[in-house]
Amino acid sequence: MLYYIGAISLILIGMYAVLTKKNLLKIVVGLSIVDSGVNLLFISVGYVKDATAPIFSMPSLTADKMVDPVPQALVLTAIVIGLATTAVALGLVIRLYDHHKTLNINKIRQLKW
Amino acid sequence: MEFSPVLYIAIPLFAAFLIPLLGKVSKTLVKLTPGIVFLYLSYGSILLFPKAMEKPIVQVVAGFKPPFGISLYYGATAAFLITMVTIVGFVIWLYSYKFIIREPIEKYYMLFMMLITGSTGILLTGDMFNMFVFLEITSIAAYSLTAFLRDKDGAEAAFKYLLIGSFSSTFYLLSVMIIYSYTGTLNFADIAGKIDLIPPMAKGFVLVLVLVGMGIEAEMFPLNGWAPDAYSQAPSPVGAVFGGIVVKAGLYAMIRIVFLFFKTPEVMQFLIFMGILTLLIAEMAAMRQHQIKRMLAFSSIGQMGLVIIALGIGTMGSTSAALFQMFNHALIKSLLFFAAGYLVFHSGSKQIEDLEGLGYDKPVTSFFFAVGALAIIGLPPFSGFWSKLLILVSVAKAGDIAILLLILTGSVIEAIYYLRAVVKLYTRKEVPDNVRRTPISGLVAMGILAAIILYVGLYPGVIEKWLAPAANNLLNAADYIKAGLF
Amino acid sequence: MSWLAVLVLVLVVVQIIAALFSVWQKDLLLAALGTSAISVVLSVLFYLLQAPDVALTEAAIGVALSTIIFVIAIKKTDRYEE
Amino acid sequence: MRKAIAILLLAIVGYYFINVFIHMPFGEKREGVGKYYLENTVKETGAANVVTAIVVSYRGFDTLGEVTVLFLAATGLGAILFGKRGEKRRLQGASVIVKTTSMMLYPMVVLLGAYVFVHGHLTPGGGFQGGAIIATGVLLMFMSYRHFNVSHNALTWIESLAGLTFATVGLIGLALGTTFLQNFLPLGTPNDLVSAGIIPIIYIAVGFKVGAELTGVLDNMLKTIR
């Protein structure tokens, strides 16, 4: 239960940063916090009490005493995708800084937001 | 080797991996590759299309039966839309051939190929998380293409798109998670059978998450803030990519999920309501635009609103009309973007005002623009006429006069601003001699589109006969479940 | 309450504090380090949730790479938020 | 004003979140595909690590997409930052101690990364983690040596060839008359290094590709002139 609360708080804090912050890099930081929160939430959904990791490294491990492997596989993918999005976002931030010499959203707005 | 639906995803991807190596040999090879890819995919469409119309082809990946492995569902609707994507993709490639002259050309085609991979993936996949992956591929390619010109506004539009797009994918991922946690499966058909395991509260939340997540890609009001900037700041062929491919894939994903999991009268009413809002607000906004590409972008949002209304009515007739409209819109909007791209290039300005007199200076390009404008308004003898007529008829049959009037209002506004632009184009005015010519590949691309638009307008039967199976496939959830789980 | 539950509680609280810190910190470099701290805690939490694969990924990608690209981006732009 | 709206919006979202998740069972066993994977992975794929089996085999298509996303990020960054590359780097290299340490650590880090992706089907970790570790090793060299350069040509070749390997392995399955990404190699004994059919091949390709792509991303960002 605690995990859920932690994860949801992370998501909300991240979204707050994205919605209110004026600094481009801060917004990207917010996005990555949201990502972390979603990943944590997903892994906690797959957790099973008193179970082991889903790896048959020893013969004594049995399938009915393992956590759900699917969320782990999905989160693995999601983490990598999050990194890709962050990288592209930062590239765009560098481009924007190059043009405007500032990271402040209010000073950048040429197009209507 | 038989042509299998997975090749729609694998071949463009293969090409994207191959292009950097080809780039070491020659630039011409790089430029030709996407064309070959599209020709091959069209050949595949010719083979598979009739089969899919009779019976959906379900293809497993990695040899595990669904729901354990990922399966691809190539049903009638997907076949219809993928054929559309191949046609539009091919002409966009043809147009880009001479239009994209800025380096890095290789990267442009790589991004383009991966965007095609992502869109066909969204259309084909039968797995909810897999759809997320393809959604991300499509969006990241779209962000990068938006900023391809590397100017101030392009980067800004791309960043804005990225922000909204990240929210979209986060929401979608959350919905996948909630669905998985209750049903224990990710396959669409399997979920649809177990959807009642989800308690009502969570189900409502999932619905909202999906509508918001996919509504952003499908340009539904009020989530379409990214569209006008992205369309107008990206290179013109990319504008056509958005209008013709990305948005259609997003809308298909949203409708597929809603029709499979949440098809209740209230949800359909809500879709109609959102569609009307999208249509009217976008058309009103388009009226006020001074930049031609922004006008086209808002018109595109409006058209999506029209499609959403038709889908929301949810009868057989209205759904097939909506699919027809999607097809027509993809072709016509691409034509308009192509023509507008060169008109902007020739006049050196994005403003509608500055188009004055170009109709005499650049007759062929302007003629194509006019054809597109008349077609999208819905005048005969162009294809847009039939789809709009079908939508109006189906709305009238559903007996909702208010919606009918609202759609007509939207269409009238649309007609006004398109005709205004066309009239501007043909206002006689001395323009300074312009030596720049529209290259032949661009003209051929526009010619192909115009020919298809006219041909379908004269013989709507060629498309119409495929609409019934496609609409049936979209509406009939029970068949989907049966085919998807075999 | 077992010691494990206490540990989880502490980690979650640390994580939330780190998140708040990176959101309100005016020095972007420190904010980036804050996200790195979130990832470290996250990686431990993944381990506690019996997901060693994900923990390893988060450690390699979240802690190291993503922080580094943030730092590079900060170096190429401004360090302080106005 | 903006803050007030944001807080209001988040309060609504948060309310729904909590309402949904308060009823979600935590730590309970669940029926579904997860159970099937746990019971059948070793039999069907020969991999001891179930997560790896899911990532590479059952949901191998996702992984292909994931690799594509990274490739896309590298390509997109290249396109966005094109023309901003320069050779202007830090004026001063790191101290001798740092340099020597990184020189000694570098091969070890790369080896560790290779170990992680070669053993992906047996132990925690795999192509993504291994590739990320290798990229960190390269970063170490970037940081300590002013003139350390990765060959762009080599990166392109590695990226493309690894991607083509993945796609080709998939297409071989199709060509043999089965399905895309179908295993066509013997499964071997679980927990052996050479086991689990095509999983190690794919994960090694992924490892190379991810390593090259992340290095490319770092290189692109580092060499951008301000």
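First chain written, first letter: the chains are A, B, C and D, and each begins at residue 1.
Going forward, contacts are C-beta pairs under 8 Å (C-beta built on N, C-alpha and C of every residue); 3 or more make two chains touch, one makes a residue touch a chain.
Treat the numbers as computed from the prediction; the structure is a model and nothing was measured.
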Which of B-D and A-B has more C-beta contact pairs: B-D
Distance-maximising chain from chain B - centres being C-alpha averages: C
Averaged-CA centre spacing for the pair chain B and chain A, given as whole angstrom: 28
Whole-Å separation of chain centres (CA-atom averages), chain B against chain C: 38
Rounded Å distance between chain B and chain D, as computed from the means of their C-alpha atoms: 31
Rounded Å distance, chain A centre to chain C centre (Cα mean): 10
Junction residues of chain C, two or more chains touched: 51-54, 57, 61, 65, 69, 72-73, 76-77
Overlap residues in chain A, where contacts from two or more other chains coincide: 3, 11, 16, 41, 44-48, 53-55, 66, 70-72, 74, 76-77, 80-81, 83-85, 87-88, 90, 92-95
For chain B, residues contacting two or more additional chains: 129, 133, 136, 140, 143-144, 147, 150, 155, 158, 180-181, 186
Every chain pair meeting the contact rule: A-B, A-C, A-D, B-D, C-D
Interfacial residue positions of chain D with respect to chain A in the complex: 2-3, 6-7, 9-10, 13-14, 17-18, 21, 24, 26-30, 32-35, 37-39, 41-42, 48-51, 54-55, 59, 62-63, 65-66, 69-70, 72-73, 76-77, 80-81, 84, 122-124, 128, 190-191, 210, 217, 220-221, 224
List of chain A residues in touch with chain B within their complex: 11, 18, 24, 27, 31, 34-35, 38, 41-42, 45, 70-71, 74, 77-78, 81, 84-85, 88-89, 92-93, 95-96, 99-100, 108-111, 113
Partner chain A, residues of chain B touching it in the complex: 129, 133, 136, 140, 143-144, 147, 150-153, 155-160, 162-163, 166-167, 169-170, 173-174, 176-177, 180-181, 186, 225, 229, 233
Sites on chain D touched by chain C in the complex: 49, 51-52, 116, 124-126, 128-129, 132-133, 135-136, 139, 214, 217-218, 221-222, 224, 226
Chain D partner contacts - residues on chain B that touch it in the complex: 1, 4, 6-7, 10, 13-14, 16-18, 20-21, 24, 59-64, 67-70, 103-104, 107-108, 110-111, 114, 117, 121, 127, 129-130, 133-134, 136-137, 140-141, 143-144, 147-148, 150, 155, 158, 178, 180-186, 199, 201-202, 205, 208
